[in-house]
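Just below is one structure, and these are the notes that go with it.
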């Protein structure tokens, strides 16, 4: 059964130095508030996993929390580079960053295999592409029926998955809706999980019997953090803050500007600051 | 784009002698009306595929349409045996029936792999079980990362998939809701498909952005057949006719009783007879 | 004390073995009755999962099939069948799976496929369905079956699902890390695997049943534990809950007919 | 005739190549503009799919990211990302995929990973995302990129996604049965692969552009087809639709700011 906790408690108990952490969200529902709490609690030596690392992972990397990044596309969508990521890879600032790079298809399959309890995923991929030459976690298996060679990657099994969701009920059951990404898989694949939600309600009221729901007993902690996905968005509540994504570019380009911004907006703030971005349920 | 057709036209054009046919439905939404049309049009030499063949497949087998059955559980749920299936296997009446037998996990994975365009599925299965000894389509692959031996089965790629769904819109987009089984996978894995629906509406109106929807361009034919799942059921419209399932047992036990029932209720009827079972949308 | 039938005793004994935090993969028939009885008595928060995709379901009446509408309507969520077998069963989330079959042997291996030769069977049974992977993926397996010489056999015609194989560490040798069949509840008694050999032995006899009856109803030379208990008879509360459930079920199925 | 920019010409030329029955795997930026322009002009029923899971989406304004709320709100349905890559992309249901990148070579191989050495890069680019499998799973690939010597290169630093490999039957030798890159649309011209060698050659030059400009903007010894056409300039209808789309987009993104 999920415990309903404060964000500070949940991160303190469930995210540990050296953990493999997946903070997922495919543009939608990115767990910014929870990621900031990880930064505030100064976790170190993390391996962070995500298909589409964006500003949040830029912040974790720039603040020195991260040893390794597992990813398939790392950028500021529609804007450009992640400058803290680039600075770490190109100039080892604030410390060297190991990369394990995959394609989206590989990562999506690896999360799916992790949720399914399998050691690896197979798919038709990487044909004629160079990534297999620089990533020893890309191998192959041969179909025993057709002889076709298929790509194989290890399943993703995070120590802890962190996601943001639309809402939860008081028992800790979680509803994810809209662009659901790989969040369900990330939680099911992980040993532990933290789910921040816009609100905790009496009745989960999924709109369809087939809605994407995580039962309480598959989640470690549920935390109510209204606005907790900002500058990402929550379908039907508040839109993506595209202006913030654009404004991040000059902040992240400069090490001092970055540090100053993080000090003011993360280190000296708490999850309650996100409430300013929360909208009303449509 | 799906064409909106009559059932007679759709079966005449899309189901051919010798086809591999998957008429899926996991208790819910079993395509009885469409299956009866296949019997009326006297298709021969079919390979019929289904996880849970029930009365409909008993009828197809008893009427001599079938050469081979691919399945994982063949019975009358909560009642007992399928007597026509047993008669074919045990006494070759009306003709011999080849069996390819799997577990549910294998079939579910094989449909999933078929929808995913893969030649095979891998899963952790059949350990210590005898089926692998009598089914040459159960093989194994070795995980290249852990060395674990995993079961492998060929993906299911039907020539034609036939399902019944809750509703479609006039463009031929299909909504499946409730116990969705493997129907989406069966259609996506198949070369051709027929979807019968309770009603065709102006606005599909899926209740959730993540509802189970088959876009029109993934379906060959959509046919409106109210009540077309009877004696199976349609969530929110009409309940499972449990009394019919129980009443089938004595009919199917006797070859003559079976033939008489089929003559009267299938050969001399048409899909419009199912309308009597259709309920109002809840 | 109230009168009760041996079937009621069997169902109640199985229900008692379930805990409030169990996640059960429920089969139709006896297991469904036992799981829902547990939910309606001592384990109100137990999670029931049916292979049709319904998770956290709380049916008012027992389903006739594994996919009755009642299961979906009262479920927390309903997933597609491939997801059920991949994320939920194979994913290792199920603590207790229920199995039954036409034949079981002393090590809890089960046959639900054929009687006689596979290619030329005397009786073609429905087949294993989910059993081969339920038997190896769930934390432990409970078996609920009426006891008799034709079903409790010395040698299976076909091994549909793995129990403890040939006994001892058979499961480990196959790389299977789950506990396997850990209890057989019959209309006469409760059996548990002997810790070393893994052969099922009688650990509790239902009130009114005798050792002689059990020996007579078992196709192998059945063993009894050093200390055999008498099964606690059904309490009034258990019997009332089970009978009310059965009555609701009968009424619901009758109404639909 | 109306004035127009080279970016408008590029977008419109790409849009024209799309048919009403195409199923497009759309990337952000130029491809998104081209696909939606096609939908708003000659291909009203075209199916647009974004890798965020949105199928059959009909955005009123262009998304900034691959997963803007607009895409989900106007989609026929939105699926999980693993399903998107398994059932929809790998399943072979996409007729046209769009790709772009930092570098492209004469065979349509693309780099969006690094400039320089992989382990010690001069520039770390965002990475391939969906590109490796988009390049091999879609029926054909269209590339939309501004032309220049630093992007149209003789030799890639890294091959993120397969085009025609080393030319000729490179794809077949890798077991890839899809057509691969079949058109490059730039701000200067349209290129198509020479049928035999698969080297991209100029088949149509946009009004106002010259062979010299194209040669100057290409890092390899670019070839011209025997018959090179002049690209039809944007029609008033095309320009109006594109500008209205861009205006709606600017207004929407501005409002949110």
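Some points to look at:
In order of appearance the chains are A, B, C and D, and numbering begins at 1 in each one.
Simple rule for what comes next: a contact is a pair of C-beta atoms (placed from the backbone, for glycine too) under 8 Å apart; a residue touches a chain by one contact, two chains touch by 3 or more.
The UniProt protein names, listed by chain, are A, B = Glutaconate CoA-transferase subunit A; C, D = Glutaconate CoA-transferase subunit B.
Predicted, not measured: the structure shown is a model, and the values here were computed from it.
Shared contact partners of chain B and chain D are A. The chain with its C-alpha centre at the largest distance from the centre of chain D is C.
Here A-D and A-C are compared, and the pair linked by more C-beta contacts is A-D. Note: centroid distance chain C to chain D, computed from Cα atoms, is 57 Å. Chain A and chain D have CA centres that are 28 Å apart.
Between the Cα centres of chain A and chain B there is a gap of 39 Å.
Each of residues 72-73, 78, 80, 86, 90 in chain D touches at least two other chains.
Taken residue by residue, chain A touches two or more other chains at 112, 116-118, 123-124, 148, 178, 180, 185, 206, 209-212, 235, whereas all remaining positions touch fewer.
This structure has the following touching chain pairs: A-B, A-C, A-D, B-C, B-D.
Contacts from chain C toward chain A in the complex involve residues 21, 23, 45, 47, 55-56, 72-73, 75-80, 86-87, 90-93.
Chain A meets chain B in the complex at residues 116-120, 122-124, 137, 139-146, 148, 150, 152, 154, 177-178, 180, 206-212, 235. The residues of chain C lying in touch with chain B in their complex are 28-29, 51-54, 63-69, 71-73, 78, 80-82, 84-86, 89-90, 109, 113, 118-119, 121-133, 135-137, 158-162, 165, 170-171, 174-176, 253, 256-257. Those residues of chain B that touch chain D in the complex are listed here as 1, 112, 115-118, 173, 185, 188, 204, 206, 209-213, 215, 217-218. Of all the residues in chain A, the ones that touch chain D in their complex are 26-28, 51-52, 71-75, 77-79, 81-82, 85-86, 89-90, 101, 103-105, 108-109, 111-112, 123-131, 134, 148-149, 178-182, 184-185, 212, 233, 235, 239-243, 245.
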